[in-house]
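In the two assemblies presented below, chain A is common to both, partnered first by chain B and then by chain C.
Let's look at the complex of A and B:
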């Protein structure tokens, strides 16, 4: 089948993300993600179906059919998809893939190797239950495993975030001093299958292509001297030099993550968003728990209480200084989460240790697909007499 | 890589190591190496840490001579003995994770095809029997089903050599090796038949007994993969350590194995044959 390439104008990331006029559309998170891919000048997308991710990647397949994505195929499984993405990215083309829950866990060996291979990639995560008994329901426990992989990890609250963070993800991932994969997570179904208002620039516009010669490592394309390029350092030797080499390699990945902060400020408007700064009772949340918390904050306001809300947009790098500053006046903090482990709670405790006297409540948490009713958040905020706990 | 990029800036030339200068002046870049030139040219691989008498090291040396355009070739490997020498060859080498060779090669091939539509960039997977027939099996098969255009070369030493001699799917039935304490319970995996059933365009099986045959076979496999479809070469490269073959007897062992059970096999599709004859004048 002959694919007619659509006419799109390349514009700067700044123009696409901030300046171009936007139109509102009432669409699902899956649609929002594929609308972002449509404008992202993607060279290769590789798909493997898993609920609730499939809808996005089959839409990306349609984009390939329409000529917006240059190459696309359905891989044999997640390990195959993520491996091929890592090979493609090494050659200098812009790549993306996506997965959910068990698929992410299956491919975790590969995901955890992307940063060390220094491959810019955008990886969309539509979170779902990972543990037995098998379930397709929303639950973001898988992000706990992502935190130590060296990937940059954003957690989108809603359809609009999913659109914006995905586009920004490509730009940040390919910055020379970053050169790392960017994972953009959303909570499955709550965002992927529900509609929300999304403001988008025209699809006649797209990001500039990947500029692979301005990245941290040479491409595997046989176009660079020197003759021999083994980007994957030959460090599987048992000697002191190889240990040193591996240690410095890992440190550099984390340093690169640190260097991404300024770009997250530029393209995501910061690592956190603060509602009602200076409040004594504060909710810290990420993902769709933020939306539920916004409603709880509004209802509390009707009851005459001013509750603070901190939305954590970037899980890696983690907003350490920002949270310490934003929680300065906090006396009590609750951390609503859609997982049983409470990874955000743990991260927050480690961050505020010795920097805050606030009591950090161990919840509320729901998991296995259960929704987070605003009432639950309010119960954790107020006692039966209606006073802040 | 044009030869322009292999030649570094003239001002740096006096400071470049002799090895590098030799590769530029006497290396295989920009010309097709002949087997008869071995000894008078700078080869892509000269030093490596493989064991004394290693058949695999010898086979890899011949393979590197066979690569038609090393200046436009990428080798993809995985954990195992082979990568110890491959990672020291003067050719870009990708060493990814476990099982990922044929996925990574797929991505590399497609990425390079997008960026350089006018220039053949050959991708060659070279890995062991464990890497390709066990842990990497799914990716090997699916790359064949998808008709990905790259060569897959199995260094079949019939054992996990690098981890210390454990049973692999390519170990022969009955062999007592580590993790097969009472002898392997099932037959050696018939990868040739699987390649055939998958529609692989060029299939070959050989041992190390005939260097000219190695060079010809590998060259054909790489060329057919360029235009026609996936290719597969399976080479018996004994592990003289785990199978206790004295270094000086390695070639004898190869001759015996070739005679008994590892005879030369070469099959290709009509399209592959026609392509080799018409475009490359290879019969």
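Let's look at the complex of A and C:
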């Protein structure tokens, strides 16, 4: 049966993200992600099902059925899915995939190879527990492993962020000086399976197609002479030339991450958001821990305390200078996280070392699926008499 | 103080004030990526000289001066200008030849593709991103121009050149430019190549004596001469 392609108008990223009128919808994070894909002019989506990612990719499959996505299939596993999406991206088409916890870990070798191959792709991560004993509950420990892969990593707070960051992710990923995969993470279930208000432009609009001949590496296009060349050098010789080339190659990945900062400012409004700037007690958080922290800040205000909140939108590149500036007045910082490792706490300590005298508390943290009640955040902020710790 | 010992001063809204300077090397074993030291790319209408954002015109003039006053100037054309793969490429290639003809003693050594060449490169025939310093060192190149090279491969090449040679690197980039070269022009179409050619002409007309004033025109390497001779003999 032939699919009747929907009529969508190509508009600039700026128009789609900032100018086009938006309508509100009360939808889940999975629905928000698929609504972003609907407007992203995606050529191919490949994934392997895993909870809590499955619903999003099932919905993307439906978009394929409706003609919004040009190709779609379920791979044999995550290694297959992520390898195939890498190959697809090398041919110059717009690609996306998604996974969660153990699925991400299974495909991590391939994920870590994407940046070195300079493949633009958007990778949606619906975080969940990765470690034994097996659980499907929310926990974002897998992001700890993502931080060193060379991928750009955004951490969405809510359904609205998931929609906006996903669309912006395609645009940033495909900038010539960036040409890197962008992972957009969200905390599973809390966002993917819960509803929230999302403002979206009309689905009659979509991003321009990928302009693959204006990227940092040649596409695999056997019809065009400059491209009839091996793209990735097999640098596997045991000599200094090989080592040096590989070292320079790795440096270039991190340089490309740095270059994405300009575009993150443009399309995400910056790498952080600051509530109550200049406060002496500050919460630094990412993902859905930000939402819990917002409520804690509100409750603290009712108690007569002004608490600062810094939302970290981009984990890679990490907002080093921004955090140093935003924490200038801080005397005590707490870092609520949904994982046992405390990766954001560790990143913050490394960032503020020698740049702040603030005490950085080692928590609060919940994991294994436990929710983070605002009372827990308040306990880390105030002692039993109601004074700031 | 080594370049590598200098630190970034700050980062505001994607614009950075950095103290690191991108200077001719040899800088050492593994120089940092300039972007990681706070050097940001120029915008349209701007250029980058040794890590500092300058006006496009200033950048062009500095490029012209370096090309005329350093030893063994060499143009490295990449795949994007070596093959007529889309409209406009031959026009750009002609502009590059016009530029070359204005630089006394200049050589043209192509980077035809990015595959590593083992076991031995012919440094008079090609430059290769896996070991660009071999071509630079063999030919004693102290100023060069990269044009038509995909940005990823240009960037890894530029760092290796800065690590091990004293070559002044210039990039005429069709896209966003290169922090790791000593002078870089972004969004460089034929108009900007022509502007550089005119800047070279203007400097010479103004009395600047080129380093290779006595060897006008494009110079062939020994390997290129051999090829040219072979072609003439019908081989």
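We adopt the following convention: the second predicted complex is superposed on the first by the 383 of 389 C-alpha atoms of A that agree within 3 Å, B and C clash if a C-alpha of one lies under 4 Å from a C-alpha of the other, contacts with A are read in each partner's own complex, and residues count from 1 in each chain.
Keep in mind that, in the parts below, contacts are C-beta pairs under 8 Å (C-beta built on N, C-alpha and C of every residue); 3 or more make two chains touch, one makes a residue touch a chain.
Remember, predicted model here, so these are calculated numbers, not experimental data.
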Could you tell me if A:18 is touching chain B, chain C, both of them or neither one (first, second, both, neither)?
neither
Just to be sure I read the superposition right, which of the two partners does A:252 touch: chain B = first, chain C = second, or both, or neither?
second
First, second, both or neither for A:93, with chain B first and chain C second
first
For A:44, using the defined touch cut-off, is the partner it touches chain B, chain C, both, or neither? Pick first, second, both or neither.
first
Name the contact category of A:217: first (chain B only), second (chain C only), both, or neither.
second
For A:262, decide between first (touching chain B), second (touching chain C), both and neither.
second
Output check: A:26 vs chain B and chain C. Expected answer is one of first, second, both, neither. What do you get?
neither
Report, in rising order, the residues of chain A that make contact with chain B in one complex and with chain C in the other.
224-227, 229-231, 234
Which of the residues in chain A come into contact with chain B in the complex?
43-44, 46, 70-71, 73, 75-77, 79-93, 95, 109-110, 113, 117, 220-232, 234, 236
Residue set of chain A touching chain C in the complex reads 118, 175-177, 179, 213-218, 224-227, 229-231, 233-235, 237, 241-242, 244-245, 247-249, 251-252, 254-256, 258-259, 261-263, 265-266, 270, 320-322
Complex contacts: residues of chain C adjacent to chain A
10-14, 30, 32-36, 40-41, 79-80, 82-86, 112-116, 118, 129-131, 134, 150-153, 155-157, 159-160, 163, 174-177, 179-180
Per the touch rule, the chain B residues reaching chain A in their complex are 1-2, 5-6, 8, 20, 23, 27, 29, 71-74, 76, 79, 87-100, 103-112, 114-116, 121, 138-139, 141-142, 146
